[in-house]
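Take a look at these structures.
Next come two complexes built around chain A: one with chain B, the other with chain C.
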Partner chain A sequence: MRIYFKYIQVLFRSEMVYKKSFILLCIGQFFVPFSIFFAMFLLFDQFGNLEGWDFYEVALLFGVIHLSFAISEMFFRGFDGFSTLVVNGEFDRILVRPRSTVLQVLGSKIDFTRIARILQGLFVLSLALTHIEIQWTFLKGMTVFFMIIGGIAIMSGLFIIFASMCFWTVQGLEIANIFTDGGREMTQYPLTIYAKGFRIFFTLIIPFGMVNYVPMQFLMDQTHQVSIIYAFAPLYGLLFLIPSLMIWRFGVLRYKSTGS
Partner chain B sequence: MRAYIALFRMRLMLEMQYRAAALAGVMTQFFWGMINIMIFEAFYRSSVFRPAMTMAELTTYIWLQQAFLVLIMLWIRDNTLFEMIRSGNVAYELLRPVETYYFWYFKLLAHRMSGALMRCLPILLVALLLPKPYRFVIPSDMLTFALFVVTLTLGVAITVAISMFIYISVFVTLSPRGSVLIFAVIGEFFAGLVIPIPLMPEWLRNFVYLLPFRYTGDLPFRIFTGNIGHAEAFQGLLMQCFWMISLIAVGRFLMNRVLNQLVVQGG
Partner chain C sequence: MIELEGISKTYRIPVRSKGVGGAIKALFKREYEVVQALKGISFKINPGEIVGYIGPNGAGKSTTIKIMSGILVPDDGKCQIGGQVPWQDRKAYVGKIGVVFGQRSQLWWDVPVMDSFELLKEIYDMTNAQYERSFNELCDALELRSFLDHPVRQLSLGQRMRCEIAAALLHEPEILFLDEPTIGLDAVSKIAVRQFIRHINAKRGVTVILTTHDMSDIEALASRIMMIGKGEILYDGSLESLKRTYIKSKTITVDHHDYKGEVQIEGVTLISQGRERTILKVDTSERSIAHVVSDLTDQLSLKDVTIENEAIEDIVIRLYQDHQI
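For the complex of A and B:
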């Protein structure tokens, strides 16, 4: 853990060398999700509701997934651009050091401009939380927290899985975007609006639904049976990290250097 | 002119080599299209409100956006040009016996056309075979189709003219990331790529009609779906010509100015 903080410090200092560019990029990063959020607002403004969901309920989902995505994108950027480490042989150097590979890849890159996106996520989330009509309890507060944690775990898991694919393909896979960017795009709305096959796949296999409509049913007191399960459902997202790390391990074991 | 056409053909052949990347792009865009249609369909299902576009038109509109994404997205860029500006190698470009603005313009045009040629057909073919709410519908009369082809061509010409401003701005800032991001966010929103323009509230629509961005993709796509009639289509076509000529004129003026003031350090 100490080493990881050291990595963060070093990377932050190198980022700060280009301060003006950093600030401009942050402003830009803020407005990317903002334009999507604004579009969502316009749609609700005209249509009124989305299958019974109102604007602030969907804004809560939007805030949760964008916050999770921004956090994992910031810290897991090393996995996102992992193919370059394999292509240029940098990964060989990582392997000979006496520290875990996951830690070193994490420390290879941190994208600080994502702070702006994190702020944007927090902004939407707090807007939603202050306007949404919910009878708050302590457990419900915890559920929102679990949703963010679960979201981070799922996104990070996806980054790790697609980085592991590089052990086989060397090149990064553009298809990965379907699950990461596409997953975020999809999960900013309740998954209940999509076709059944989509919903089931993205609830059980890649468990976006567990940080989306499932816990929302608990927050809005719409659960029929054992509501406590719905409250802790987001933690199912953490389980997604287990197969992800297993695939990574397996990939590292059968890694053959590109020789460059 | 012949030099530009030769360049265009060369570039086209080069791009055709990257088929695997194109396939990945096709899958991604297909997924994106499906999600978007499902979202809008859910909105249409939940409310009695009807915007000035039917769901069937909207579906076709979204498939066209996805199929011709490469023609209209402003974040699609040629990094070699940025690298040239940053490293000073742009000096060699100035030695060529062709005007740099047009040289780059046709290079970028070819880049977009070849990308779209490879991607549009598979997406549209599959979309044609989908079941009802997701199906892509082809217009029945030839005039609509002809108008679509002409306006789409002019649309790409406008997209490239707008994107030239990104390259020009990099001469000043030297870092492309910020420029690309800001142009992309603003341009794509006003081009109807985040929500289709007919779904925007009236005040915003009136504003968007004053800007050039909707003439890139929105106009041709709505002509194709039948959302815009023939008379209005001809009006739009004239506006496209106006925007294309003025954007290129302003772009050339600015480009020549930055090039005149350009200082390339030796080394």
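For the complex of A and C:
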């Protein structure tokens, strides 16, 4: 952990060399998702609700997923842009240093400008939390927290999986964005509005649903069975990291045998 | 210390056919070309040796270095370095080696050099005492102190290379792999780098394996050279014996007083003849230098004589030709 903070320190100092560009990028990062949010607001203003979900409920989901995504993008940037590390041979350097490859890739890049998106996500989330009609309990508060954690885990897992693909090919990785950016765009709405097969896939395989409509039912007291399961469902997202890291390890082994 | 036995490695390189049709075909069925990078190479290196590892591009130098530094796993063969197999237990092994890839930096580009060193201290989990000792020694020997607080991107190539080498040696490794450490450097920096390598080899007893295209690096540093070509070790021995085996001629440059006639000496090739300077190539297997010089004295009134060995580059080119690389 100490070494990770040391990496952050060095990366932050590097970032601060280019202060102006940092500030400009931050401003951009703040307003892009904001415009999406504003469009959503206009939509609800016109139609009132979305299959029974009102504006603040959807805003809660929007806030959670954008916050998770922003945090994940900030700290997992090294995986997001991993193909460059392979192409320019930086990964060889990582292999000759006595630390875990995951830690070193994490430490290779942090996108500090995402702090603006994090703030934006927090802004929307607090707007939703203060207006939504929910009987708050301590556990419900925890559930919101779990949703964010679970969301970070799923996004980060996806970044790791797509980074691992670079060990097989460095071409055609644009498809990865369907799952990361696409996943974010999709889960800013409740998954119940999508087709069933689609929903099952994104609840059990890539478990976005577990940080989306499933815990939401608990927050809104709409669960019929054992509600505690719904409360902790977001933590299922953490399990997604296990196969992700397995694929990563497998990819590293392949790299060591093919060298490309 | 280092022992390789029958190490071989093949790569599969995807072959791309030309045009759009080829690109579409490649989507469904990839064709591969199999390239055998190493064909069962073996060698031993003792602690404290400096070995020059040479060979043309694509001969297998980088592959060997990658295998020895644990980045690549060979298809076949045994490799033991410092009692360990490089590609097993990576984290424990790589603490013992230092690697400089001449063309790629290992330093953090936008921050002062000092920050890179401090981060490396953490990465290699060094104690303060160990770090201070090693850091001071390297700073003194490589004269780094004047630019420690400059960002790496502002350093000259020579300064940067000195920092790269210091970074590779900071954790006091037993073995140092240098992949083209003098590439692109000016003459002064090259000499400084060579001097330092000799110094650290003598002082710490570091085993050094160095690849280079610059033969003067080898002449200045390595007592032993290994030459690889097409995945095989073609020569492994001292530089002296390479010279003895392969140097077949010497060049004699004679400065003399005005002479208009033609020099007639047995067993030499006349390279150029002017009124005051004559250059000859002597095939030493046919006539000894002493005889040629005595003949020259008879015919010319000498002012100065220089006798030169063939440049090592030429020897290596001949070696390549002999093995048809």
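Just so it is clear, the second predicted complex is superposed on the first by the 253 of 260 C-alpha atoms of A that agree within 3 Å, B and C clash if a C-alpha of one lies under 4 Å from a C-alpha of the other, contacts with A are read in each partner's own complex, and residues count from 1 in each chain.
The criterion applied here is as follows: contacts are C-beta pairs under 8 Å (C-beta built on N, C-alpha and C of every residue); 3 or more make two chains touch, one makes a residue touch a chain.
Everything quoted here is computed from the prediction, not taken from an experiment.
> After lining both complexes up on chain A, report clash or fit for chain B versus chain C.
Verdict on chain A: chain B and chain C fit.
> Let me test your reading of the model: by the given contact rule, A:2 touches which partner, first (chain B), second (chain C), both or neither?
In the superposition, A:2 touches chain C alone.
> Which partner chains sit in contact with A:249 here, chain B, chain C, both or neither? Use first/second/both/neither.
In the superposition, A:249 touches no partner, neither chain B nor chain C.
> Looking at the overlay, what does A:13 touch: chain B (first), chain C (second), both, or neither?
second
> By residue count, which of the two partners contacts chain A more extensively, chain B or chain C?
Looking at chain A, the partner in contact with more of its residues is B.
> Pick one for A:257: touches chain B only (first), chain C only (second), both, or neither.
second
> If we overlay the two complexes on their shared chain A, which of chain B and chain C does A:131 touch? Say first, second, both or neither.
In the superposition, A:131 touches no partner, neither chain B nor chain C.
> With both structures superposed on the shared chain, find the angle between the C-alpha centres of chain B and chain C as seen from the C-alpha centre of chain A, to the nearest 10 degrees.
Taking the centre of chain A as apex, the angle works out to 90 degrees.
> If we overlay the two complexes on their shared chain A, which of chain B and chain C does A:36 touch? Say first, second, both or neither.
first
> Quick one: is A:25 in contact with chain B, with chain C, with both, or with neither? Answer first, second, both or neither.
first
> If you've got the overlay open, could you tell me the nearest Cα approach between chain B and chain C in whole angstrom?
Closest C-alpha pair between chain B and chain C: 7 Å.
> Taking the two structures together, which residues of chain A meet both chain B and chain C?
Dual-contact residues (chain A): 18.
> For the complex, which residues does chain A have touching chain C?
2-3, 6-7, 10, 13-14, 17-18, 88-90, 92-93, 95-100, 256-260
> Enumerate the contact residues on chain C facing chain A in the complex.
11-12, 63, 66, 69-73, 87, 90-92, 94-95, 97, 99, 101, 104, 106, 108-111, 115-116, 118-119, 122-125, 151
> Show which residues of chain A lie in contact with chain B when the two form their complex.
Going by the criterion above, the answer is residues 18, 21, 24-25, 27-29, 31-32, 35-36, 38-39, 42-43, 45-52, 173-175, 177-178, 182, 185-186, 189, 193-195, 198.
> Once bound in the complex, which stretches of chain B touch chain A?
Going by the criterion above, the answer is residues 21, 24-25, 27-28, 31-32, 34-35, 38-39, 42-47, 49, 51, 175, 177-178, 181-182, 185, 188-189, 194-195, 199-201, 204.
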